[in-house]
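In structure tokens below, several structures.
First chain A sits with chain B, and in the next complex the same chain sits with chain C.
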Partner chain A sequence: MICAGLVDLPDLAYNRRMFVDKPQVAPPTDSVIPPTPPTASLRSRWLRWLLTVLLAAAAITAVFYDAFVNGDGLPYLYQRVQTFVTIFLGIFIEAAPFLIAGSIVSGLIAVFVDQSAIDRYLPKAALPAALAGGAMGMVFPVCECGVVPVVRRLYEKGLPLSIGIAFLLAAPVINPIVILSTYSAFGWGSVFVGRIVFSFLIAVVVGMLFSRARPEEVLLPAVCQAHHDACCAVHDHSHHLPSAPLGQRFTQAFNLAGDDFFDMARYLIVGSMLAAGMQTLVPQSALLAVGQGPVLSVIVMQALAFILSVCSTVDAFLALAFAGTFTTGAVVAFLVFGPMVDIKSSLMFLSIFQRRVVAYLIVLPLMLSLLMGVWWNLNLGW
Partner chain B sequence: MNPARRLSAFDLTVIGVLLGAAALLGVLIWRGDQVGLQVVAMTPADGSASVSTRSQLTVSFDQPLDAGSAVRFTLDPPVDGQVQIIGDRATFIPQALQADTAYTVRLEAGVRGANGRTLAEARVWRFTTGRTQAIFTRSSEGREQLFVAPIPSETVAPGELPTPTPLMQSQQGSVWDYAVSPVDGRIVFSALTETGSSNLWIVAPGGEPQLLLDCGVDFCSSPSWSHDGELLIFARRNASEFGAAAVNPPRLSIMHVASGELAPVFADSQKLGFEARWSSDNRWITYLSPDFIGIGVYNLESGEERFYPTQAGESAPWQPGQTRFVMNEQRILGERSAIHLFLVDPIADTRVNLSGEQAMVEDGAAVWSPDGEWIAFRRNITEGPDATLTKQLWLMRADGSDARPLTTDAEIDHGPPSWSPDGRSLIFHKFPLKGPDIVISVWTLDVETGEQQQIASPGQRPQWLP
Partner chain C sequence: MELMQRPRFQNAIKALVLLSLALFLYTRLASGTLFFYINQRFMVYTVFAIVGLVLVAISYRPRPRNAAAGEEPHSHHTLGCIGLIIVLLPVVLGVLVPPQPLGAAAMGNRELNITSQTRSVLPAAVRAAAQKDAADRTLLDWLHAFTASPDPARDYAGQPVDVIGFIYHDDRLAENEVLVNRFVVSCCVADASAVSMVVRSPDAAALPNDTWVQVQGVLQPGEWNGKSLPVIVADRVILTDLPNQPYLYP
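Our next item is the complex of A and B:
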């Protein structure tokens, strides 16, 4: 049981030592994993705290500097706090229903989906798996908030990595609701087609990349444990109760949905607060002012997409407002990158993936959508 | 441990993909823009014939232009002119195109868009201007009809004038007023019906009139073309329980001629107006405002408004290339009244009396020369030895200086003049007050030499065509 020891591992370095340096030496099933060296753990923890305090201090300094040097003191500060609260509530209230929907789907998957079916019907080879993952959004129409609990549950059911990643990145766009909202905002045209095609392509490419990874170097220990057990049928974590009465199965599903919701809501709240903080500290006008040119416009729109953290079901209407100001490539990059990764969804990824992998999940779509946006601007027209 | 060795195959793959994407991005940026600024449309279109000699050459791009971009038009045969950049359009305003001439236009590469994209290759296109003709109205079969007559290149005796060609049939109604497109010479005219309403018709040079707008029981009149020949503003009077359409108050409507799409000019449906005139950049209009009793000035983009009171009741044409217009206004000088011309700048909010503060004159029907440097107008002197009952044609500079009469025949009343596209001649009608057989006739006048040439008789309200 290769993931067993990871449950208690607090340090990424230890994971790497375990799986990369000595992959051939698996610890015995019931062995006691040696604890992390206390000095390394302490240093790491100190560093983390120091970074957090420094960032918080920088944010508070920025707010106070803005209030007392550029603004008119306390009233200005009060106004900024109000802005923060308004934006935070806006993002959270917009995302919460989708998270509830995703959690319910997750609970239903846990109880009603047989993990052997996943094993039997879903492809294993890299390309077909990524393609299947990219198209799964049409079956599970969820936005970027709802997709996270679904993917976590599917991983616990033994879903191959590449399918899950492609699904995670593509589902917020490749689903009927978002396709319709994009169509109603932009009509049948290059932006509509570009959003769907490039979202799918980037999701498939990133999904294929993850076919080279092993679950234990990607997933969090708890998820990995369940995933491994599911794959190897070692232990049933699936909550699949085929013989139980239907009512009991639904109760079980909704209990699990509740657990999922509260688990994910922590990340959603922190992510929404971060997004609101960024929007309060970095005014949109500052970004819009520098957003010209074929490259810079794409970067600015990606930054906006990341900071604004708008739900993919409605972001097309927001993008429409930018259509006259920004290049077409930048608008498409906004529509492709935003649903894949934003502040709140990045935080939610931390409930499934290791931090290093979350960084990959941000940087890979960022780079590929930047490439797409710049190519669009320089070769198709701005 | 070497940090590179701590990376798994997966990590290395991700890093490799990121580096590859970064390299590709670098190559894309290094290759630069492969599309360039795109030309969407050119006016006049490539290969078009019978183009008006008053045409402005307009190139529309796929994005707004940098206002400071160098835009260079060259014409063969050469023509001087000004370049104007507005939004996504570059317009060349020629000083004078020659009639019946084939032109080759070249727009040089390097035109820069607002976001840095440039026109990669020069664009070349050709068009041919039409023959210079006069259009005027004449009574025929009991109705006022439109006719076209060629402008002779040499002096022709009245008896040898070619017969004018009718431009419409009597079943289209009786012409109330008309306007010639500055781009392609198309004519929009309003024609009275038997029931007292009037519809708008459009006719291209050499073509058959087509109904442009069926106004039903309403009375549509005073059409005015935008300088790009795309839009038309006209006045519409609705019939009501209290009176026929023709006597009810007018409201301005705007029409996209190609699509026929209509909209009111003002959001406020109670606002009245007629006799609109477009500024050169098509952003402003002047109009006669019956409810305010004066000239209204309105910015079609921003909705900005100004009002200048006058009871003279004449339209106010804009100076070419400027946001200034000329209007006339009644003045009380002692116990007498006079009508003076004023140059008005609605942006700077200035008014300059062009007629002279104490001049005992009645000035009106001012028209700008194509280069915007001269104003031709009608004047009658009301006091002193030169006083006449009839209107004479006069000329003065845009600032009111160098005013001089072009006609001095006190027995003939001269109609409103119209400048030839090359700015050398005026066309107008003469109304003799004496004589056994009073006939209104159409004449041209060479501004430089004062030489006059009869074009048609009878005929009135002439304009140059195209």
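Our next item is the complex of A and C:
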């Protein structure tokens, strides 16, 4: 079961281009974007397959070793599978409503939002743009699953890169629902304020880092093409059909929502399986045992946030359970880093960004929230 | 592959997959097994998800060509075989593996909250637990109550206990001892953590893991892992059915 997730992972990367993301628009002749070569070299592809097979074999061996050496064989194995399926379905059932809601919002944006509005109302300069992106969550209350289709659609409408990235990272925390749930868990205090301030800061900083980047270096070709056409107003490829009857426009919006859902659900499902697999195989006590000290505790809580993949709307209640065992800096790092990046959301980023950029979007928030957590522990006390 | 690419076929497939996901969620909702996966307060979101999935599925219905003056709404995305299989995985696994709440098998991998000293909780929850009658307290309430006391083993000695949970045998326990447990779920089972109390009973060894029991007894000072804490000295251990809501919610 766990291996299924692993085996599918590289498939996704290949097949995203081959099967699913047929370019939204035909390549226009006046494009300045060089076509990205869609095929990896044969050798690197073989290498990746080999790696996947080895990983899968290692996982299977670990499961069977565990079952037959530590446990009592097949019944134990079956229970493990049962636990895995329960956790996997738990994460999926929890996230699916937010994903379908995000997809529907994305479809509605595609059909009903005029792309010139984005040009008109959003700031262009790097700092105001990133600040606006960081605060946009107050207007679109979405969690980390719902935000991904919305950001992708906004990019296709020509949203500047830095705004989108700041929005993507900040929105799961900087929105009324999450602020409220954090308040009800921690009350008015340093953790509450720290979570909001640092989430906003980190999102804005990462957003600004991307303000000089070119879209073709960051976005997937299909997203980038639509983005480029929207920016340069080559011609309106969007699904914005002001002349069509309302019913037809809604149908179109829901069609696009469905396409988004299928696109993202694959990542969500593989991500949930990986998270469930980790939870079934890796004992939490192993993680918690090392989690002391001002630096290690932060790293452990970040790892936990990444593995648990809990929705940002409720992670505050979960963090509360660790508040006694862990340093305050570590708890804040959990609350800041978890919503930005976890197994399922980072896989979902692959549907917008190139793989290299997804790596940046994991590493930058990781490093920044680690710095923040350690700084917190050393200066504000454990 | 030709067939896979045809728009009408694509739309039909997408609609069917969405409907099967919606149906899957609905069956879990209708049978009450939804609570095996998520906190009950998220049930309403699942209802929204079902409505959303059905609405989107309906939008893929076949439409007559050139019905209106405008162009026919169309979709640019093609769902491939692998994408299709992945999206159907929740349904397939959900059907193949019968629904069952987390149990003893998940205990080994999770943090056990037996002594509550390390667990910090909502002050409101502690107050609420303190106000409850001793016999009404759940395992979680007891843990909350213990948090408020510097020496729970002594302070709570002699109080009557009536709790429900499943059985888990831990190697660190004595022959006549067993853990009675519930999982606490704040969001979905991914964040489940166990709350447990030590039960002392002559029947302890005879109860297999995962048996659901109602334990009635009295708290007495005891020990777990070298730390002093209250243990339940059971008067009666009654076998019960799986509760409608297997988890506790903080």
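Quick notes
Quick note on the criterion: the second predicted complex is superposed on the first by the 341 of 382 C-alpha atoms of A that agree within 3 Å, B and C clash if a C-alpha of one lies under 4 Å from a C-alpha of the other, contacts with A are read in each partner's own complex, and residues count from 1 in each chain.
Just so it is clear, a residue touches a chain if its C-beta (ideal position, glycine included) is under 8 Å from a C-beta of that chain, and two chains touch if they have at least 3 such contacts.
Keep in mind it's a predicted model, so treat the numbers as computed, not measured.
When both complexes are overlaid on chain A, chain B and chain C end up clashing with each other. In the superposition on chain A, A:Asp114 contacts neither chain B nor chain C.
Taking chain B and chain C in turn and counting the residues of chain A each one touches, the greater count comes from C. When the two structures are aligned on the shared chain, A:Leu380 is found in touch with chain B, with no touch to chain C. Of the two partner chains, chain B is the only one touched by A:Leu371; chain C is not. In the superposition on chain A, A:Ile93 contacts chain C only, with no contact to chain B. Judged by the document's definition of touching, chain A residues 19-21 lie at the interface with chain B and also at the interface with chain C. Across the interface of their complex, chain A is touched by residues 1, 6-11, 13-14, 17-18, 21-22, 24-25, 28-29, 31-35, 38, 62-63, 113, 115-117 of chain B.
Chain C meets chain A in the complex at residues 14, 17-18, 21, 25, 28, 34, 36-39, 42, 45-46, 48-49, 52-53, 55-60, 63, 68-71, 73-83, 86-87, 89-90, 93-94, 97, 99-106, 108-111, 113, 117-122, 186-191, 193, 250. Contacts from chain A toward chain C in the complex involve residues 1, 4, 8, 11-12, 15, 18-24, 76, 79-83, 85-94, 96-98, 100-101, 103-104, 185, 241, 243-245, 248, 250-259, 261-263, 265-266, 269-270, 273, 275-276, 279-285, 288, 308-311, 313-315, 317-318, 320-321, 323-325. Listing the residues of chain A that touch chain B in their complex gives 16, 19-21, 205, 209-210, 212-214, 217-218, 292-295, 297, 327, 356, 360, 363-364, 367-368, 370-371, 374-375, 378-382.
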